[in-house]
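There are structures below to look over.
In the two complexes below, subunit A is the common chain; its partner is subunit B in one and subunit C in the other.
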Partner chain A sequence: MSALTFTLKQHPDQRVDMSPLVCQKLATLSVADIAALTLQNGKRSPRVDALFTITGTDTQNIVIKNSSDKLDFIGKELDGGCITVEGDAGAYLGIGMQAGDLKVTGNVGLYAACEMKKGYLEISGNVGDFLGGALPGNKMGMKGGTVLVKGNAGERVGDHLRRGTILIEGDAGDYCGSRMTAGTIAVMGKTGRYLGYAMRRGTLLLWQQPTLSASFNDCGTHTLGFLPILFASYKKFNSKFADAGLAFNRAQRYAGDMSEMGKGEVLVKR
Partner chain B sequence: MIINGVSIDATFAEAFPMKATRAIITAHNEKWAMISAQAMTGFATSVIACGCEAGIDRVLDPSETPDGRPGVAVMIFAMGGKGLAKQLETRAGQCVLTSPTSALFAGIDGGIRIPLGKNLRYFGDGFQIAKVIDGKRYWRIPVMDGEFLTEATTGQVDAIGGGNFLVLAESQEQALTACEAAIEEMRKIPNVIMPFPGGVVRSGSKVGSKYASLGASTNDAFCPTLKGATKTELSPEIESVMEIVIDGLSQEDINKAMRVGIQAVCDLGAANGIKRISAGNYGGKLGPFHFHLQEIMA
Partner chain C sequence: MLIKLTGGTVYDPASGVDGVKQDIYIQDGRIIAKPLEGLTVDKVYDLNGKVVMSGAIDMHTHIGGGKGNIARTLLPEDHRQDPVARTDITRSGCGHAMPSSFVTGYRYAEMGYTAGFEPAVLPINARQAHMEMADIPILDKGGYVMLGSDDYLLRMLTAKKDQKAINDYVAWTMQAAKAIGVKVVNPGGINAFKFNQRKLDLDEQNSHYGVTPRDILRVLATAVKEIGVKHPLHVHGCNLGVPGNVQTTLDTIQGIGGLPMHLTHIQFHSYGTEGDFKFSSGAAQIAEAINKNKNISIDVGQILFGQTVTASGDSMRQHCNHKFASPNKWVTMDIECDAGCGVVPFKYKDQNFVNALQWAIGLETFLLVEDPWRIFLTTDHPNGAPFTSYPHLIRLLMDKTFRNDVLATIHPEAQKMTTLASITREYSLQEIAIMTRAGAARLIGLQDRGGLSAGNWADITVYTDNTDRQKMFEKPDYVFKDGQLVVVDGKVVSTKWGTTHVVKPEFDASVESGLQKYFDRFLTMKLGNFKISDDELTEDGRGSITVHPLAN
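After this line comes the complex of A and B, so read on.
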């Protein structure tokens, strides 16, 4: 069975809500039924086959080709299966994702992995603000799973992060790890201002020395036994994080944010 | 059955169901992992009075341990899950948490999950940190030499305790030499422990006692000094009997351990004073698992 492939016919002027096109919702539908589904596109609701050319039949392996940054909510609440996006994706990629794999070859917009629960999300390009964050007003962001970003990330990475892992090979913007409750964010590149702003618990793992607020206290340099286990868990990824040469177990530990609970930590490679 | 002049009794060892778990202790080097493991498995020869039976399963190469450091796998056996969990937690807290550079991990992935470091975390007084890595929860507990890293839970599985065989020899020295040879071979078998001192017990017991308060008492039928005073199992030339008790995760594990152990004893043979191999057979009062010596050695 070949992958169920949606090839975008032309880049839409208005945003498209792609949330109906997830594996579990299409599992029982024929290709004709899928073609007849409607997608919200601005104030219109065109059929799927009006926007996409459809080939293949495997609903557990979906490919979106010629994708655009106007396609929002790709993989919303995905609960198993695999979605591959060839090109860019819009906002809310993998929001509330519960299981499965979601991969994007291009860049991604705001709120990717927002309130994600489980699964694996890989972004080969850059990603916008609030990666793994909570929707405005909500108190819990990503609650599990793994996000890998090969490019750079915007501001507020892991805002209200509750659990799970965010791996960024490039740089992260301001307020990285803001208000996080737990979980791990690892950034190989540079980080912006206000790192870990109001973080309560959790780990920010860095390869480059950050500029830290006065509310983070230096705890000294330490050899930490959990780091080899953490890095070993990254070996399965197609990523720089799998490179044993970049792993470390000796780190400068900063505790913070002391203006909040102060149980969080920033670990910087030494 | 006679092997190298050693008579193998047509009898069987009786064993009983237990609950077991395994934990992996790692440390800065093998020396300190072993010190911690020995402390954790100390005073754990028999459930009769120790609450559990424990021993070292095997030494682990750094490539086999979760954190890539030298390690030792220990196994603990108890009569029930509740008792096992209590013994595990107490021993982990007093013997591993306290041991310099140590870390503690689950040695069984499946089975019923029982707390390993889950409750030890409170020693961190609020400074402890949880990390979920690949679906496993770890606790990082700040201690004076750095951090004590422990997995939250380990697996509890059904197991068998009390597999055994008796070595009957012409002298105490010959019995001991034979048992040492057996233990050396048996320690190479995974999933079993020989919980008594050095793996050998010289005070084998029978079920019951003339004293009402005791559930077990000396196995007088195999006591050489009582040959003329009780219904003895010993022939005149036997001067010393020693027992090797085996706890294992399965019947097959215990079978293997008994086979290599008895073979090692028989290799010394009658020429070295080894006359018979027998087993603790209590007429079915002790347990449902029967390890027939002649079948094992066939």
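After this line comes the complex of A and C, so read on.
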């Protein structure tokens, strides 16, 4: 059975809500039924086959080809199965995702992995602001699962992060780990201003020395036994994070944000 | 256009009609007596087997004013989770606990309500409250202006001004804020909070002004009576939500000395301190006091289980309750020299002992108070539950079996602490019609609403009789507002704009000389701008003002 493939006919002018096209919602539908579904596109609701050429039949393995940054809500609440996006994706990629794999070859917009619960999300390009964050007003962001970003991430990575892992091979913007309650964010590249702003607990794992606010305290250099175990758990990823040469167990530890609970930690490679 | 509603079973307590088959004629928006022979009836609705009541009136519902917008801002999830799409005749909106203004109007109308009264209009924010209510379609509306924690009144009391001066100030404020009643919230307590007091009992002095809540209630209740406002002083008492506050409430009833007084959301003021958890029901004592004191009326402020948001002017009590906020975010603020505001999201849970007992206390109150003309059906929207839960509440009151089935599911300790299971009373349709129509209109002082006799405005709701009262009241067959058919089968079919009900009590013009100095010295607004003119409500062509007569 070949992957169910949606090839975008032409890049839309208005945004498209892709939330109906997830594996669990299509499982019982025939290709003709799927073609007849409607998608919200700006103020219009065209049929799926008006926007996409559909080939293949395996609803548990979806491929979106020639994708555009106008396609929002790809993989919304995905509950098992696999979605591969060839090209860019819009906002809210993998929002509320519960299980399965979601991979994007290009760049991604705002609020990727927003309030994600479980599963694996891989972004080969760059990602916008609020990666793994909470919707405005909500108190809990991503609650589980793993996000791997091979490019750079925008501002507010892991805002209100509750649990789970965010791995960034490139740089992260300002306010990385802001208001996080728990969870892990690892950044190999540079980080911006206000790192860990109002973080309560959780871990920021860094390869490069950050600029820290006055409300973070230097706790000295430590050899931490859990780090090799943590890095061993990254071995399964197709990523620089699996490279044993980049792993470390000696780290400078900073505690903060002291203007909040102060139980968060920033570990910097030594 | 002459409309005839024929064959319906009419419940019109205002004229003593209790379940009688009657025809009703509507012409030019009003109900008329049987027209002369030979006049052509343009439209006939056959209502055989249907129940006909006047449009329901919610006499205490927070539908306008700044706190609603704070609640909306604080809870974007409440709006995200409940979107309402536009149709050809209705506008889009959203919101479960605190819906947008348009959705508020549609949802009320779709339940057969044709009027709602905002009980906490701060004088300084009255313009905004009226502008917001002007965006509520279909419903008539009105507001009770909030006094009692305003520095001007407290200064007058400290300076021992006579009752006449206070009457003038109250009447002037009602006119300036376009109100139909006067409300007092935690009398003096909101002000005491600003002087770092965190509780204020009925006989406890404000540490700055030396005035007690008892003094404030008495002068305001006297003022309301003497200036001829029909709606008695609308009181949100001291110690809201505090275990043991039943005594405060009983003292408040005694302390008013026979003056007319309406105690609002009394469920939150009926708590004892008995039992293992030091929290018990005071409903029986309260009901006994209400039954005995004919000068007192109440609305219940029933809680119903689920997510909502509490929005109150009582910043003192809301600040105390913030630790129960669910989700964990809250706002308490000061509002100039007028009052305060507290918004705390709440999730009432049936497996929480306190919440479960609150639920039972409200129902006990409904069932133990004998006179339906002095008790009103409210959830203190949105504080106890959103107004959309009224049909469910009506079923709880009208169906003992259903009530006991729900009772059996709540926290077991709460079941032991309530007498609810032993109460056999079931409300009749006529009693529901009194609480939600005729009684409410009489209490507020609406002269031509809440009844179905000739001369009344044709606000009419038609239901299909159904033993499942929730289903019955959820989905009226027809709703007429001022004679216009606005709802069919529980869906809005056309919209219009309701009027704003006010009273215009007289005052001595010299009252402004003192106020002028006070405004210039302390407030952000000039006296001239503070006063809302009739034109502001009517000049857009869709609002209107209806002035109701005074008592004397």
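Going forward, the second predicted complex is superposed on the first by the 270 of 270 C-alpha atoms of A that agree within 3 Å, B and C clash if a C-alpha of one lies under 4 Å from a C-alpha of the other, contacts with A are read in each partner's own complex, and residues count from 1 in each chain.
The rule is short, and it goes like this: contacts are C-beta pairs under 8 Å (C-beta built on N, C-alpha and C of every residue); 3 or more make two chains touch, one makes a residue touch a chain.
In this text, all values refer to a predicted model and were calculated from it rather than measured experimentally.
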Query = So, on subunit A, is it clash or fit between subunit B and subunit C?
reply = fit
Inquiry  = One more residue to check, A:Ile229. First (subunit B), second (subunit C), both or neither?
reply    = first
Request  = Pick one for A:Arg201: touches subunit B only (first), subunit C only (second), both, or neither.
outcome  = first
Request  = Using the superposition on chain A described above, determine whether A:Thr184 touches subunit B (first), subunit C (second), both, or neither.
outcome  = first
Message = By residue count, which of the two partners contacts subunit A more extensively, subunit B or subunit C?
response = B
Request  = Give me the angle at the C-alpha centre of subunit A between the C-alpha centres of subunit B and subunit C, rounded to the nearest 10 degrees.
outcome  = 100
Task = Once the structures are superposed on A, label A:Glu265 by its partner contacts, choosing first (subunit B), second (subunit C), both or neither.
result = first
Ask   = In the superposed arrangement, which partner chain does A:Lys139 touch: subunit B (first), subunit C (second), both, or neither?
value = second
Message = Considering the aligned complexes, could you tell me the closest Cα pair distance between subunit B and subunit C in angstrom?
response = 21
Key: List of subunit A residues in touch with subunit C within their complex   = 135-139
Request  = Using the touch rule from the top, collect the residues of subunit C that touch subunit A in their complex.
outcome  = 74-77, 80, 327-329
Remark   = Residue set of subunit B touching subunit A in the complex reads 66-69, 103, 126-127, 129-134, 138, 140, 146-147, 149
Key: Touching residues (chain side subunit A, partner subunit B) in the complex   = 163, 182, 184, 201, 203, 222-226, 228-230, 232-233, 263, 265
